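Presented sequentially are two complexes of chain A, the first with chain B as partner and the second with chain C.
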Partner chain A sequence: MSVSTNDTTAKVSLRGFLAKYSVLIAFAAIVIFFSVASPTFLTPANLFNVLVNNVVMLAIVALGLTIVISSGGIDLSVGVSVDMASMIFVMLLAAGYSGVVGVAGGLGAALIVGVLNAILITRLNISPFLATLGVLFIGQSTQQLATSGGQPIYLTSGYAADQFNAIARTALFGMPTPVIVLIVLVVAVHVLLHRSVFGRYVQAMGAQPGVAWYSGIRVPRELSMVHVLCALLAGVTGILLSATVKSYVPLSGNAFLLDAIGATFIGTTLSRERKPSVIGTLLGVLLLAIVKNGLLLVGWNFYWQQVGIGVLVFLVLAASFGLRRAAH
Partner chain B sequence: MSATVLHTDVGVSDEKQAAAKSAGRRFGALVVRLGAIAAFAAIMAYFVVFAPGFTSTFNLINVVEQSAILGVLAYGMTSVIIGGGSDVTEGGIDLSIAANMGLCAAVYATLLSMGYGDFLSVLAAIAVGMAVGALNALAVVGLGILPLLATLAVLNVAAGMELTLTQNTVVGASSPLLGVLVSGSFLGISALAWALIVFSAIMIVVVHGTSFGLRLYAVGGHPEAARAAGISVPFYVSFTYVLSGFCAAVASILTVSRLSASTPGSGELLLSVLAAALLGTVFSRRFVPTMGGTLLSVLFIGLLANGFQLLNVSSYWVNGVQGALILLVVAITSFARGSEGSR
Partner chain C sequence: MQTAKRDIAVSMTGISKRFGPVRALQNANLEIARGSILGLVGQNGAGKSTIIKVLAGIIKPDSGSIVINGETVTSLTPASVEKLGVHFIHQDRLLVPTATVGEAVFLGHEIGLGPFVSRRGMERRAADLLKRFFGMELPAGTLVKDLTTAQQKVVQITRALAQKASVLVLDEPTAALVKREVDSLFDVLRRLRDDGIAVVFISHYMQEIEKLCDRVTVMRNGTDVGTVDPRQTPIDEIIAMMIARDVGEMFPKRSVTLGAPVLEVSNLRLGGSFDNIGFNVRAGEIVGLTGLLGSGAKEIVQCLFGLKTADGGQIKVEGREVALSTPVKAVRDGIAMLPEDRRAHGVALGLSVRENISLASLRRYSKSGLVSRGAENQAVDSLIKELSIKTPHRDALVRELSGGNQQKVAIAKWLSCQSRVYVLDEPTVAVDVGAKVEIYNLLNRLAGEGAAILLLSSDLLELVGVCDRVLVVYRGRLAGSFSGSAMNSDALLAASSGARSNIDGVAA
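After this line comes the complex of A and B, so read on.
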């Protein structure tokens, strides 16, 4: 009798363990699999390539979404923030302004998107989902109108290209500048979200909005901050994107949205309460990036990669949610 | 003593302020609501007067035709939101519906081009659509994954399978059924328009005229209470996802008939589908999603695009105006609901 009880407890805790670490286990298994399947996968050159090309920009957008999702909201307009920053940045450079002015203008454009979201959500009491959906539509129209229907702007040579290279093709301390930017932002957002008073307020709003209000947290102010920060982070990605591809392609930011939401929520499986965290989000981004890269290396074409990623995310979520449900 | 008096005073003035605030809010809500209705009416009136041929029967039927695909998809989305509750991150949502339609269209067009008949091809498209819906149901109900996440993963799978099947190309298709849908008409109304009319009638009757529909609302509104009342919550929620997949399959046949082909990029419809389903809530007095409300918002979006087209306004404006309208409408909703519905 007692043996069987112990047995069930052991089983339950094993399930709990598996549920908690399913993402990490999946991550390790995937790395091992691709290391065996492709000789180039685990080379420093390839991992570096994944970091620069697949991780940095998605991770920065996902950091912003991590803050928003921690506050109990969502931002569907991150793609618009990426695009607007990219558009203004490239347009300013095309007009002959310096890189510094371009970056400031780009971030300013993203800031406007964030402030618009903040006003809609905190002043007009529109739910974050709908407010940012509306802003997404308006942002798409704005870009189409500004570029006569979506004409890309290419600045591949001359002064502007030098300015782009100064951002995307330089190195600090032996690291490409975009990677340094990512590291700084990761540390900053981690401190902000997990080690600061602001972060505690954000988590409180996410867990219990009513209680947060009655405990004297100025919910509208903090929530505005959350949305502005998210838009600004997405704006940083917009600038890095433009500097890397030396162009502005309208409506290209939306590609980050679903991956960033996916990465953030994959990260939530790390915590028992399913709270988003910076570490979890990074893990989610790395998981998606490594799977994309690994599938490419073993010869899957782009189309099958998408199926592969979908199936994998599905399985990881199924393992985490299903096992935890069974453990309770 | 004086402190107590002071305290009471503050209390009274607080109550007065609160009363004044709620009266002000109600007044504000009324103004905004009337303003929004006036704005809707003004836009329509403008089109009637200035857009050549806006009110012609031909044009109105054309709008219904154009709205058929969006409408059928929006019904699927609406049923999922009704059954899953409309919470932002935890409520019912089907992000895979547009990608699912793309996959079904690809399956349908590919089978037709391989020489299989209409019957088998339609059957296969519906089977695929419902299978994708069942996968969503399994993930949400069986495994307890958040709908937002589960359907996001399924979106990737469906979109990837469509790309794999078609290699990102246009697959042309023609068949007797498609011929009927393109050129057939009855009582002067084209087949595509009939498809929306019949589908709408069925959805409205089933969801708003039967006990089944009432139970569906109970499940979405208060799952615990529904369970206590003996309703099988898992069955109803699963049903909405499978229904959503079925709607995607029906829409896929309509889209293949409109374009005489299956084309890549159907996933872009997702946001419009979401907008239509969510915008529809404003047409219900209690601001819940309803099939009739969804139909009205789909037609409204259709009329808007059509009016712009007739006025020769650039189509680039349509998205933006649609977005601004969503915000306007939802702002009114939250005003009218009061602070209770703010999050």
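After this line comes the complex of A and C, so read on.
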């Protein structure tokens, strides 16, 4: 565009700019606000705590949902994948199996959830929303049946605790292992979704499923892969969760579902076409995490934190949508 | 003219309408008499549907006058025209599938008290009407979706009658009906005519016009070129009135050198749609395929791309037999498809030009599962240039391109794939004339490079102008194969409406 001194043009492009970067602007504003409001907010110790406790596990689940939402679907059963991985992992350790077997078993359980979703969606042609909702119900009951009505399993000492610590309490180059896992997965999913042939197919299915099918893409196969990957990523969170809290608490995975969806959609505001992206999702997760932490530091309790997050998601999305419409 | 002045229900005179540079209607006239069935015929784009939409209040004419029941009306809306007793039965069923017959008949005019609807009252009244007018009895509470297409048409007509229709306009009402249903629909329409209702019947089937109509108005190039009695005028003469002779240089000429057969179809069969279909398309050849809605031509094309699986028969590509059960296999076997619904199946509007063009051939531009952007960009850029796709840059969204350029992107996708057989389903629908010529040029070039092209189209002038040979499907069978001087719109139209066949000319 040529240089324009026209007032309205300037206004419109400013609005466009605000719309595009509303997440980043909100992010900066919130960081500044909490830095002023709470002296501990900007300390390295607190930020590190946020990263390890509020970001890593949510971000990994959100990565899976980013793939699913990119394909035009949804996975309401990510909490079940988290729980199933966690349950099998803990049960195997309780039975005396090694950490490696435990992790493999846990991921295997998540894999089964993903395969079940894939079959329901691609073979029985059930919409992703309903298929994964059904799996959510089945998965929740399964856990309660397997734990005599929802009894948690605690393994706070002995061999199992050592195995947990080997995952959650170790560090590489000064980075806790879970953070390393997150970094590896972020890079891997970014490459997969934005650089690979598979990722391009996923984007095409999300943009216009008919075109994907008419282009000779094996839509059922690719869609199965999408749901299996999502479940596996949620399974990784399940392993990290158990290792961190040294226990399995039934139905604890559901807490990730809505936050992960929220983070993914906050991330879509970065793209003009509202496409999910790995970077966007990561920003969404960080935004949610610092708001939770900040509100906690300024003394809001858990319930008010939820209200705060709801309002924030509203504001970011409304600002992005509204300003963008005005810019057109 | 035997109809006296007082019998005229609707009189439209001097109607003109422009859409941008396109003159859809030029000084067109339409007169609809009570107690008579008027046929309305013309090629696609002749202005039939536009003049009907003007009458329906959907399109506002630029000039002209409309008199309904002796009253000059100035601004029509769909609601006001219904109040005047003019009702329309549109081609695509517009009934709520999950409604009961009673609900469908009285939709928008529910019977009841205040906000409360009397469901039983509506079912009873609907049953009465159906029985009185059509002698049709349906179980109480039957749902619309459980009716046959013909029964749904009858329910739609009943809906119009329930609101005291004096003029009934039916747009291609027989397209989805079988013979027996057509006959009973005709009985219904004749009874309505005898009751003094004015019926307008739009159809491509010339035999139906001849059988049913008292008069027929022929439209061409946006105007009415004559009104005749179909029982006294031979079909050929009516067809001659419909066809414009000024094809001009819209269709670029080319010299043909045909190679070996690339696509060989034999004995192809799909239950309920078509049977015993066999033809070849040779390298460098453009073969046209046409047929009326419901003739089976569309389904043949769908079988060739694995969208439907044929019940029997053989398809060979370059001599190799292929099993086309899904588009995945069709693409792998070198078949490309340009679908009719471009926005749903042809191009993804929300993806970039680049992503669309490389979508079917990504493997060519990738190494170990990762897309090599350099190779992709290079291929995409050269296709954009080759096809002169007008786009700001390769990463612009396809949504921002014109219809013709979107269609070129859809073609580029298959060029990038180096497909051998191109199946095109109405490729020039909703693209402007300039883009049409470019698409024709592109087809010629593809053929020149040795591709085999099968063009499904209902635009007869296009078929005559572009194809080396045209196959006509009528009621599920090949009704003719036309080439050379025998390939003209008169012959194609006659063959596709069953008036004439040319079975001897069908290639074995």
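Here are a few things to note about the model shown:
Basically, the second predicted complex is superposed on the first by the 323 of 328 C-alpha atoms of A that agree within 3 Å, B and C clash if a C-alpha of one lies under 4 Å from a C-alpha of the other, contacts with A are read in each partner's own complex, and residues count from 1 in each chain.
The rule is short, and it goes like this: a contact is a pair of C-beta atoms (placed from the backbone, for glycine too) under 8 Å apart; a residue touches a chain by one contact, two chains touch by 3 or more.
Please read all numbers here as calculations on a predicted model, not as lab measurements.
In the superposed model, A:Ile290 makes contact with neither chain B nor chain C. Look at A:Trp304: by the touch rule set out above, it reaches chain B but stays clear of chain C. Counting the residues of chain A touched by each of chain B and chain C gives the higher count for B. In the superposed pair of complexes, A:Ile69 makes contact with chain B only, with no contact to chain C.
Judged by the touch definition given at the top, the superposed model places A:Gly322 against chain B, while chain C stays out of reach.
Judged by the touch definition given at the top, the superposed model places A:Leu93 against neither chain B nor chain C. In the superposed model, A:Pro128 lies in contact with chain B only, and not with chain C. Every residue of chain A that touches chain B in the complex is listed here, in rising order: 69, 72-74, 120, 124-131, 133-142, 144-145, 149, 209, 258, 261-262, 265, 302-311, 313-314, 317-318, 321-322, 325. Residues of chain A that touch chain C in their complex: 191, 195-198, 200-201, 203-204, 207-208, 210-218, 273, 275.
Looking at the complex, you find that chain B touches chain A at residues 88-89, 95, 139, 142-146, 148-150, 152-161, 163-164, 167-168, 271, 274-275, 278, 314, 316-324, 326-327, 330-331, 334-335, 339, 341-343. Within the complex formed with chain A, the chain C residues making contact are 305, 327-328, 330-332, 337, 339, 341, 343-351, 355-356, 358-360, 362-363, 366, 369-371, 397, 413.
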